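Across the two complexes that follow, chain A remains constant while its partner is chain B and subsequently chain C.
This part shows the complex of A and B:
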């Protein structure tokens, strides 16, 4: 088993190297001069040369590449061209702000998607199923920012239930004493529960936006997957044996578990990119809005750092997913434990019948 | 989406009418107001008989701007879809075997792991930020879908008798790919292209909403929604609501038409 996980980690590390190369190449190979972006259109050639030397941009391509690779692997993502603050530190203080709404939002999406998708599959072809399908179509036609605006209009403007989209802390909130630099963590460490509650209250609409937006495709996947399994011979057999509905459901679920988990990781990757939009609508001080700002200003280290962190997070998600799927599936588990190559999943799903 | 049952013909006809009609209306209809001229005397007016959709914070007519935006949004979405088709389909048709094909598919997989909006924003900013750059960025994001789809079609049709026959009589690989495989798989490609045009509209609007790829005062739906956001928060809903409604109408129409095409393909296949 350990050998299996190590082999996965080695592959992930190689992919990480590829990712670093990509984030380097993305910015280095495309046109656009950072020195000009920094100094403005009317910079003198001498100024441009000075800035280039300062940023190390006058070195040959390979030297810059190796230097970048080395620094990145040591965890140094460089300094912002504009503010001069270290990119890695900026990301670490802002990431908790993003996770405060991202993680509950995704959990909400999973709960809603799972419940409604299952319900629709059990009520196949009836009113509940038809309204579920219609609802999913409507939600999936809506871009994320439209959903956010709609929720804001209803819950803030019309019903006055939600706070204004003005960020994570209100002007009345006293920031907690600085320990880690990340406000939500510091608030918990200082035991300021009223502040935590205020942050969560402001996170409510971002959470609901995320939850609804991702519940639609997930629910659709749950419904499609369950429909296929519920008509399968092994479920018919389980029912014929007189198992209780809950047990039948458990068996049906274990058959679609793999594809659902794969879909969850895809959603996680997509949610990271949706963070930029959510944060710009709600003026949320997280990584998404910050990196978008960096991109718009042409702040190269910020762009590279963000692409790298997001890519690495998705990679980690895929590694964990692969390990979990292997561990949960008895057919692949024994092979993985023995350290052999993972076999292809057999074509016929109806093994137990 | 695998819709069960038949899609309603009235709904489909309505959706098709929207897709064909809206660009025509935007091109032909004389606009009641200049979409680019701010009027300081009429700022933030609610919809009335003179300004059908009201006016925005700069006193520009929302109705005129919503139609004017269609002239920019729809061609960009169409061009991006066309470009990703042109790039993705041939790549997918020929990536069925060999090392290069395998490598291509790994790259396509890697695309799924990247934050898409960020990639689009980065490439648009680095390329300069015009309408053509938006087309390129959306095409880069959408092309992998066509690669995957046409590759799947090529792999499944490769073992069919008529492809075998075409190869046996000495057709060139290009002719086999386009004349035999693509012609028997164009339905799914067409469905995917329609869905891609719909999601491209949403992505373009999201980018413009974030302030990427817009040239003010030229209106786009995303930029108009972004401008109307602060009015919406104050309760003046019209400046954001009408461009949103126009965009959602087109996206929903494209999705409905895609569903109808898919239904038709299924019926034809079942009849065989």
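This part shows the complex of A and C:
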């Protein structure tokens, strides 16, 4: 088992190196010259050369690559071209702001998706199932920002239940004393529960947006998976043995578990990139809006930092998922633990295909 | 001989987009105590639908549209889901066609036995475990202890089907329904499994209803036979009588289609058009 986990970690590390290479290559592929972007259209060649030397862009390719690789592995993601602030520090202070609404949003999506998908599968072909399918189609046809604006219209403009989409803190809120630099964590550390409540109140609409947006595809996956299992000989035999409905449901879940877990990680990866849009709508000071800003300005270290952190997070998610799926299923576990032929990944492959 | 299961005028229909399709056209038969009854017929003749209708395992769009199935004094077809559930597994055991798709792949065999006991409010303890081990041994499973600890995929097809049989018999049902119990098995294993099945059911005072398309199975292991064709029972009676002196042209043709080692198989009789629905 330990050998298996180590082999996974080695593969993850190799993939990480590939990711860093990709993020390095991204810069060369991007249109536009950073020096020109910084200095404007009318820069003199001397100024451009000076900036290039300052940024290290005049060095040979290999030197730049190895330098970048070394710095990145040490956790140094460079400085923003425009603000000069270190990218790594910026990410560490902003990532908690994103996670404040992202994680609850995803959990909400899982709960709604699981419950409604299960309900629809059990009511297959009836009114409840048909309305579920219709609802999913509507939600899936709706871009994230439309859903966000719709919710703002209803809960902020019409019902006055939600606060204005003006960020994580209101002007009346006093920021907590700086400990980690991440406001939500500092608020908890300082024990300022009114501030925590204020943040959560402002996070409510982003959470609901995320929850509804990702509940639709997840619920659909749950329904499809369960429908297949509920009609399978395995469930028929379980019912023929007189198992209780709750037991039958547990058997059915154990069958779709792998593909649902895979889908959760896919949604998690998708939600990270979707964060940019949500954060723009709600003026949220997270990594998404910040990186979108960087992309629009052509701020290369910011883009690289964002790609790296999102890629690494997804990578971590997939490695954990892969190990979990293999170890949860006795059929693949025995192979993995015995260290024989590397197990196939039927579930992961089936969903991502 | 007392009657264990009495099915009268069973009608089952499937609601499809194109309208309602009738799969069973009023089927009537009985299964007596300590009797093995075989249902034979070609694919699509409705033999599996019969047993699924009786224990209400039919999935939508299939539904029972009429008739009765009386078992120990109550009509199974009129029971609510929770009531029929307490009969399934406890009073009526079910043996699936393919053990590997019937057993749960990620739950230990021991736990699957325990779940069956739990489902019927029975204690899960050393005694129930011992009972399961004895049944596994009785069905001819090698190393029952090891099998109990393991998973379905570690077993051979024959062993897995023995485990399924043991599960079906776990709570001592009075009727066992087997849907093509040996179709998924190797020929060499089929006979052993059927011998076991016959020994543990009919020879132990239980009744058995066995669905098969194998006439040899019926001839050797059943007392009576129902011949089904297109949703109807076209002939039923004692195996010895039906096989020696078939009355219905479809039965004749079915019997003629059996390959005989002597090579004197009669040419497949043309079905006369007169009795086709």
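The rule we apply is simple: the second predicted complex is superposed on the first by the 338 of 353 C-alpha atoms of A that agree within 3 Å, B and C clash if a C-alpha of one lies under 4 Å from a C-alpha of the other, contacts with A are read in each partner's own complex, and residues count from 1 in each chain.
Throughout what follows, a contact is a pair of C-beta atoms (placed from the backbone, for glycine too) under 8 Å apart; a residue touches a chain by one contact, two chains touch by 3 or more.
As the structure is a computational prediction, the values presented were derived from the model and not from experiment.
Student: Under the superposition described at the top, does placing chain B and chain C together on chain A give a clash or a fit?
Tutor: fit
Student: In the superposed arrangement, does A:251 touch chain B (first), chain C (second), both or neither?
Tutor: Touch partner of A:251: chain C, not chain B.
Student: Between chain B and chain C, whom does A:231 touch in the aligned arrangement: first, second, both, or neither?
Tutor: In the superposition, A:231 touches chain C alone.
Student: Between chain B (first) and chain C (second), which, if any, makes contact with A:276: first, second, both or neither?
Tutor: So A:276 only meets chain B here.
Student: According to the stated criteria, A:125 is in contact with first (chain B), second (chain C), both, or neither; which is it?
Tutor: In the superposed model, A:125 contacts both chain B and chain C.
Student: Applying the document's definition of touch, where does A:242 land relative to chain B and chain C: first, second, both, or neither?
Tutor: second
Student: After the superposition on A, what does A:149 contact: first (chain B), second (chain C), both or neither?
Tutor: first
Student: By the touch definition at the top of the document, which applies to A:322: first (chain B), second (chain C), both, or neither?
Tutor: Neither partner.
Student: Chain B or chain C: which reaches more residues on chain A?
Tutor: Here the partner covering more residues of chain A is B.
Student: Between chain B and chain C, what minimal C-alpha to C-alpha distance in angstrom results from the superposition?
Tutor: 7
Student: Is there a shared patch on chain A that both chain B and chain C touch, and which residues make it up?
Tutor: After superposing on chain A, chain A residues 125 contact both chain B and chain C.
Student: Touching chain C in the complex: which residues of chain A?
Tutor: Contacts found on chain A: 124-125, 230-234, 236-244, 247, 251, 254-255, 328-331.
Student: What does chain B use to touch chain A in their complex?
Tutor: Against chain A, chain B makes touches at 1-4, 110, 112-119, 121-123, 125-128, 198, 202-203, 205-206, 209-212, 225, 229, 232-235, 237, 240, 244, 247-248, 251-252, 255.
Student: Going by the contact rule set out above, which residues of chain A touch chain B in the complex?
Tutor: Within the complex, chain A touches chain B at residues 15, 18, 26-27, 30-32, 125, 133, 137-138, 140-146, 149, 152-153, 156-157, 164-165, 220, 224, 266, 269-270, 272-274, 276-277, 280-281, 291-292, 295-296, 298, 303, 306-307, 310-311, 314-315, 318.
Student: Could you please specify the touching residues of chain C with respect to chain A in the complex?
Tutor: Chain C reaches chain A through residues 55, 57, 59-61, 85-90, 94, 96-98, 101-107, 115-116, 118-120, 151, 153, 164, 167-168, 171.
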